[in-house]
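To keep things clear, I will list the structure first and then write my remarks on it.
Every chain is named by a letter (A, B, C and D) in the order it is written, and numbering of its residues begins at 1.
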Amino acid sequence: MSATVEPTCDLTKLDPILARYPAERRSLVMVLQDAQKTYQYLPRPVLERIAEALKVPRSHVYHLATFYKAFSLEPRGRHICTVCLGTACHVRGALRLVEHVERRAGIKAGATTPDLELTLETVNCVGACALGPVVIVDGEYVGSATTTKLDKALKGIVKGAVEEQQA
Amino acid sequence: MIVNINGRDLLASPEETLLQVARRNGIPIPTLCEHAGLEPWGGCRLCVVEMTRGGTGPVRVVPSCLQPVEDGLRVETHTPRILRIRAVLLDLLLARTPDARRIQELALEHGVKRTSFVPRRDPDKCILCNICVRACAAVGADALGTAGRGAAGRISLPFGDDASACVGCGACALSCPTGAIEMTDRGSERRIWGRTFQRLPCPSCGAPTLTREHAAHLAGRSGLPAESFGACERCRREQASRLFLDLVGK
Amino acid sequence: MAKRLTVTPSRCIGCRTCEIACAFSHPVGAPAGPPLPGLTRIRAFPVRPPERGIPVVCLQCDQAACAKVCPTAALQRDDQTGAILVHEERCIRCRACVWACPWGNVGFDGVRTQVYKCDLCGGDPQCARYCPSRALEQLD
Amino acid sequence: MTRRITDAAHLERLRAELQAARDPARSAIAVCAGTGCVAYGSRKLAAAFRDAVTARRVDVEVRATGCHGFCERGPLVVVFPSRIFYQRVQPADVEEILDRTVAKGEVIDRLLYADPTTGRKYVHEDEVPFYAHQHRLILGFNGKIDPESLDDYVANGGYRALARTLTSMLPEQVIEAVTKAGLRGRGGAGFPTGRKWALCRQALGNPKYVVCNADEGDPGAFMDRSVLEGNPHGVIEGMILGAYAIGAHEGYVYVRNEYPLAVERLSLAVEAARARGLLGNNILGRDFSFDIQITRGAGAFVCGEETALIGSVEGNRGQPRFRPPYPAQSGLWGKPTVINNVETWVNVPLILDRGPDWYAGIGTAGSKGTKIFSLVGKVNNTGLVEVPMGATLRHIVFEIGGGIRDGRAFKAVQTGGPSGGCLPAEKLDLQIDFESLTAAGSMMGSGGMIVMDDRTCMVDVARYFIDFLLEESCGKCVPCREGLTQMSHLLHAITEGRATDETLASLEALAPVVQDASLCALGQTAPNPVLSTIKYFRDEYLAHIRDRRCPAAVCKSLITYTINDKCTGCMVCARQCPEHAITGERKKLHVIDPAKCTRCGICHSVCKFDAVDVR
């Protein structure tokens, strides 16, 4: 289960983040969040370097990173499609949207396409319940989402998202 | 401080927990994740008891391993409700770890022969009681933790395979209540967590003693040189008797 | 003050009765039938030819290395007998005590996975009682 | 203009200046900038307004405001001074609004809110039924102030309570006021805030901490978000008052990872407050210093529970701890800590500004003040509803919510999030407060209120909540981790038609053990949705078990899709069906092969002729 070590994992990008917080356990969650924003995910060398810098056991950093859903230890796609499965969205058929993207992109929710183009995630509520069902594609909210709206938002990201339909 | 357990008034000191008072007075309360030498965890919930403050308030179900004593507490350790909770908890654990002998025994004691739930697919023996993680932290190695969250959680090394912090002392394997952690000692080698440790040979008789990493670890914590931990007990006793001999001078 | 177990090595005749007495007074439960003799906490080494031995037993040190190194305070001194006792329920079996005792007086029972050491038999050490040559005595 | 406010008098002078500078007659356009409206493009709309105003060189202020609460009708625009309320405004409407409404005061009919059932149009914001029946003490601020402007907050009475309190009240008096007002925690359990503060003040140990719990993990609840995005200074002022009351000098706001805009607005507000001397050392020149740090959650619902939140802020896995000791005695790093929800904090300045007696006059005997509910689901007007405690479900769902969508029948309303329960039609006249909801088998919780119609399957809802909680369980204790695993198996068996009466019995036997033995509120309340749906909708469970039928036609394994005679043979469904289970020639009646059909529902959603039946 060890994450593949990226040759391109440039640890120097971590230094400004580590400088921003005191080198102790309480900064761990925030350092991980900033690191995830920089590297798009948390590669192993980054976690090891953070453990060393904050003087916290490696097991603590790793096991904390696997606890919170915001952190991903696997490389994430260039594009992120997040389908909200909150109660309001659920009763308005959000599950169908997840299945739709799963079919289109050929991956299960929580996974990333082999070509690292798209990560399909679900979240348990993003707080835009009045617009349910909500899908967020690369930070852009799609309110009252339908399969057709979703395909438009995923155009160019998921091959065959739209073309296949016209065929 | 007086605590009434099962109708008996028992003397208790403020920093004690209900479980300690009960144990001191021979009242049997089952536990799994409690370990007297480690921080209480409160995860298995087997040690729950019924408690009311001053005999009048609402009846609350609390874990006796964590509930501190309070003056005037009335506690019942074997009410039908509590026995039912313990039986269902063991029934649930049987579904999680069907072939863990300790769970089978405890379940049988509570009238549960087979689980009435859906057994876990390809189960191991780990009940996630966290004793190994706490023991490893007490030893000071901090090599273990729980990866993942909720029902998908499992005890693991960092990154699943990084045993660099492990000193091979075996505390986790030997204090695991269900024997879920494999440790094999063969000759001077010890295999645990997928890593092979070399146990230092006793300088005088060559018998395998502790692992090199554990010796270095103990040295680090005690300030003594690592070599001082290397000899086996038998030889150290022999050296002690020689020392006495020199003292005595005959 | 509790009576102390004293060792006078010159009187030891190497008969090792003390080892037998110790083993018998720490019986271990047998899977079936009566309890069996346990492991001895005292060893008399025949280091002095031809017959003299030197008994070595836990000295219940004031600055006990075993108690200091124990991460879960499972080794604590009993006020009455002055002996450092193993609180089995607190022990996480990391065996740091076994390797820390400079005299090797802390053992580990691999079968029952338990640490064992001399507990002065609760204040009446049997080795002293059966030692024929008063090499081991219990004096104030 | 970051001049530091030196003392209370200076603050009042500034307030007077600001209020005088405001010309109520001046025309202004308020564009809602809450997450909902932003999702519908309100940022582009506001930019379009600004460009048009500069191009025309007219004296019209374009102001971004916090969430008005009626997100479904976003982007929302309110034209001042007339307070004309437009909904679903697009950039294309900018020119027309400036020409007709701003310049000549004419009302643009098509942009007005029309009541879906009666069709009647409403011009002013406070006439719209959704707003008219509300009592917007807290949300009222959202419409008026620009969340990124401290001056706006001050001009609307902001920090007056703080100034008066710091100069004329002792900490104990602040606690007394909050107790007398009867404020109870808005996080879900409703613990009296005054008592929590008193416990913390008396607890030994320093330093003390105040924490704002903005984790808002309940799905379907977003009132904390809109308060943080719309009125961050209200929360800050509340926290400063709380800190003064218990003697704390450090505060933390734990904001959900899924609320980036809230974090951004709050950070701006904290920096502004520091720059102006309202945070940091010697606040308003008094001998009291207090500062706030913002820590972001990282995606764990359980961190809404107090001790798990503390663990998360301390840099650990968010796993709850046993209580006692309660956080008021030993919380963050073992020090006395008060943790209150966003909505609780934002109530505090109101109490100290307008007095505890005024506050206690609102609500019921046991539950004082107002409560914000997020009314969502199958209701016409979805959005945030602030009503006094004691309002009835019927009042909220029908009078404010405008009844059920597409004229369908009301079936149930789910309150209290995953810890709450589902209440049927017979409970519609229940006066909502902490005790009444708990008695009915549900819970106040954070205020999520999800309305369900006859097309919602209650067994599926119970399964949804159990699966949600199973995924969010921290996994520390056996009854929750293993109990929810088995409850999920049982519920899946029911929804997939593999169940017997025994399944229902064992579900009802397992639930009380999970409630009794679980370590924290997540596990203790997890069975509530299941127990309340069994209690009020037992016949639906039996339909699934005995007749293998899902009355609401939701549970996939129990429903079949068939094409009726309305089919025109347009072939759309056949083309879209991913399993190619639909056959038929052009203009001929099509047929679905039940063996291949995976009941994904696409044919039903794409068919324009309502020719696909689901039974």
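A few notes on this one:
In this section, a contact is a pair of C-beta atoms (placed from the backbone, for glycine too) under 8 Å apart; a residue touches a chain by one contact, two chains touch by 3 or more.
Worth saying up front: this structure is predicted, and the values here are computed from it rather than measured.
The minimal number of chain-to-chain contact steps leading from chain A to chain D is 1.
Here the spacing of chain A and chain B, counted between their Cα centres, is 37 Å. Taking the mean of the C-alpha atoms as each chain's centre, chain A and chain C sit 60 Å apart. Between chain C and chain D, the centres computed from C-alpha atoms are 67 Å apart.
Note: centroid distance chain B to chain D, computed from Cα atoms, is 43 Å.
Listed for chain C are no residues, as none touches two or more other chains. Residues of chain A in contact with two or more other chains: 60, 63, 67.
Residue numbers of chain B whose C-beta contacts span two or more other chains: 146, 148-149. Chain pairs that touch, as defined above: A-B, A-D, B-C, B-D. Against chain A, in their complex, chain B makes its touches with residues 142-149, 156-162, 164-165. The touching residues of chain C, when paired with chain B in their complex, are 7, 9-10, 43-45, 47-48, 52-56, 65, 68-69, 71-74, 87, 89-96, 98-107, 113. On chain B, the positions that touch chain D within their shared complex are 40-46, 48, 61, 63, 66-68, 81, 84-85, 88-89, 92-93, 95-96, 116-118, 127-128, 130, 146, 148-153. Partner chain B is touched in their complex by these residues of chain A: 1-3, 44, 47, 57-63, 66-67. Residues 300, 317, 321-322, 324, 470-479, 481-486, 489, 506, 509-510, 513, 516-519 of chain D are the ones touching chain B in the complex.
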